[in-house]
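Right after this note come the structures.
Common to both upcoming complexes is chain A, partnered first by chain B, then by chain C.
Up next, the complex of A and B:
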């Protein structure tokens, strides 16, 4: 209950407050979203597995977002930004799929 | 629940485990496993309240990120898309303005007609004039009319369907160029209807006047510069029992029935008991002559026109001509 409320509150805050994202940060926003999705699915899966740990969740979310953004940032400066973004998205996408599949197995036993 | 995990976990140093395998199966974050191990080892878990606060803070951050990203993506919609939307908005607005102005023109014209009728109704001669004027207006499309008539529908041929010889997929081809109604076809229909005894005609709701035009620009047909689209609805007021057979048997009618067979165009003629045609809008007087006055005037030739007197050239302001010189007559 609390997590759902917190998530919705966060979305509403983001929509209502309209925080100004600095221009230099804008290219990393989409990749950060994918990383956050990965953390969320990982957390849900861990919760269903009975392994959930709040500290791990918060730390993994933060580090996921930062590392993903950092990789893309580095890639941008090395001239391989697009390729590295693709790599990050592929890896995170596979992880999201894996976690979603595990969640599905838990919920539907199928 | 936890017993399932080690199965997916790559063994430490197990080089046999491929990278892909690890990626596909080791989706549980190592951190969660480590934490679970620590808990199992007996390290006291943090307080429930603190845990929940941590989750809440984390999820608020996640939500915040989603919200901001959503806003950002919306704000960075492709430039072309935004330009297109702005153009569509502009077009709609102008169309609204134009419609409103047209309606005002209609209102004002009706008001002028009322005032005129009231002014003319004073005398019997005026009454006769009003009647003549009304008849003329009905003929010229300046007054709304209603009555029985005929509804003619003319439309382009439907797109052809064909099976693609390579992929076997159904293929939709654009209609044959011969099956497209051109401005000349529409002109022929309208002229045929006038010839068959139509008293008032409108095409797609645009009333035709004696000076109306049906023309083509690109692939669009314009009636008095307003675009109309296929199928074209031609509404005619006239005696249905005379109009319909005369039009169907006319050369144009016969021709179009042939076209239906040859090019699959749409062509339909049916009676209508009541047709209401609005007055033509956007008509303006192009030329206004004053009628020759019947009373004989003793003056010389230029009577009845507003021609300037022959002294006009000398009335030119002196600023344009050199002082002391006669102004040159035809150099300008």
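Up next, the complex of A and C:
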């Protein structure tokens, strides 16, 4: 329950505060958000599978975000930022889809 | 907290290493143990609460709650470990019996108000926060959120587009200039063509003409004037520079012909029968033509010898209204001019 409430609280906070994203963060935020979404979907699936581990979730969430940002950072400095970002988004998208399919099977048995 | 993790490394560590972020690759057999392990981990750092877990639970189990009985079956492992740590908080034992099963139930469902749960909540709040501000940022600002490569590409696109548009503009302007110039020249050409058409029309006798000239009236009471006399008159006038000539109601042109069947019969010009007095209108330099008529042995002299009389007037303007019908040349075709 707390995560859901926290998620909504974060959304509300973002809507209310409407902060400007610092320039240095702008390339990384979208990828980080997608990576975090991947971790969240993975967590939900693990919970439904009964495999959830808070430590694993926290570590995976953080490392996902950091690794995604690192990849983008490296890509930007190697001159392939756009391509690498696309690649990361594709990979994370595939994973999110896979997890969403597992969640769907759990929830709807279909 | 670290201490607690260290103690739980047995059951918890085994599950956490293979489980990546998705948590899906964990081996199946380890499941039941792991389900409790995180719960134990989550509950332990909360302080003294987990410590008394086992006793109240068993107490509850003794009360006959079947659900709790099944729970207690799984608990032995955590039950053993927490106890050594929880000795400082034995005082809670009495006040928590009712709360403990609930918190354990919650922790068994792993969303508890534990530090780990709070941490997860914090991360998810951050996620929601980041998601929203990213969404707003993306919708509000167009170029500001683009990365450098994209900006360079956009700039390149715009530059090439600008180049294309400039070329298009230049070509269109050139076309416009060409067309407007063409319009001018064609209008000039049209005016020139009109002018030439009028000139040629005057020469060919297809358009009316007016101007300075003379009016030659030949009275022929005896009917002795022949077609030759009129033809001579016309040739004299042409020789004197007449530009347009009208005899009676006939306009004199290139192919005009004076005919007369026999002497004394009426003179016919281009099919038009003339009758005395013959009025000949000529546009040109009046004095020159008048002089040409009056020279000894000229038209006036000749006519007088025949027995007719010729009178010359030089009016301010001579109006020539008679027109000729232009006939299409049957054999002659325009030939390309060879240039001068």
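Methods note: the second predicted complex is superposed on the first by the 107 of 110 C-alpha atoms of A that agree within 3 Å, B and C clash if a C-alpha of one lies under 4 Å from a C-alpha of the other, contacts with A are read in each partner's own complex, and residues count from 1 in each chain.
Criterion: a residue touches a chain if its C-beta (ideal position, glycine included) is under 8 Å from a C-beta of that chain, and two chains touch if they have at least 3 such contacts.
Owing to the predicted nature of the structure, the values given are computational and were not obtained by experimental measurement.
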(message) Once chain A of both complexes is superposed, is A:49 in touch with chain B (first), chain C (second), both, or neither?
(response) both
(request) Applying the touch criterion given at the start, work out whether A:89 contacts chain B, chain C, both or neither, answering first, second, both or neither. (result) neither
(request) Report for A:26: first if it touches chain B alone, second if chain C alone, otherwise both or neither. (result) both
(request) Report for A:10: first if it touches chain B alone, second if chain C alone, otherwise both or neither. (result) both
(request) Figure out whether A:1 sits in contact with chain B (first) or chain C (second), or with both, or with neither. (result) second
(message) According to the stated criteria, A:103 is in contact with first (chain B), second (chain C), both, or neither; which is it?
(response) neither
(request) Check the residue A:18 against both partner chains and state whether it touches chain B (first), chain C (second), both, or neither. (result) both
(request) Jot down the residues of chain A that show up as touching in both complexes, chain B in one and chain C in the other. (result) 2-3, 5-11, 13-15, 18-19, 21, 26, 29-30, 32-33, 36, 39-40, 42-43, 45-46, 49-62, 95, 98-99, 102
(request) Report the residues of chain B in contact with chain A in the complex, numbered from low to high. (result) 1-2, 4-5, 23-25, 27-29, 31-36, 39, 46, 50-73, 76
(message) Considering only the defined contacts, which chain C positions touch chain A in the complex?
(response) 5, 12, 15-16, 19-24, 26, 31, 34-35, 37-38, 41-42, 110-114, 116-134, 136-138, 144-145, 147-150
(message) Considering only the defined contacts, which chain A positions touch chain C in the complex?
(response) 1-11, 13-15, 18-21, 26-27, 29-30, 32-33, 36-43, 45-47, 49-64, 76, 79, 81-82, 85, 95, 98-99, 102
(request) Can you check the complex and tell me which residues of chain A touch chain B? (result) 2-3, 5-15, 18-19, 21, 26, 29-30, 32-33, 36, 39-40, 42-43, 45-46, 48-62, 65, 91, 94-95, 98-99, 102
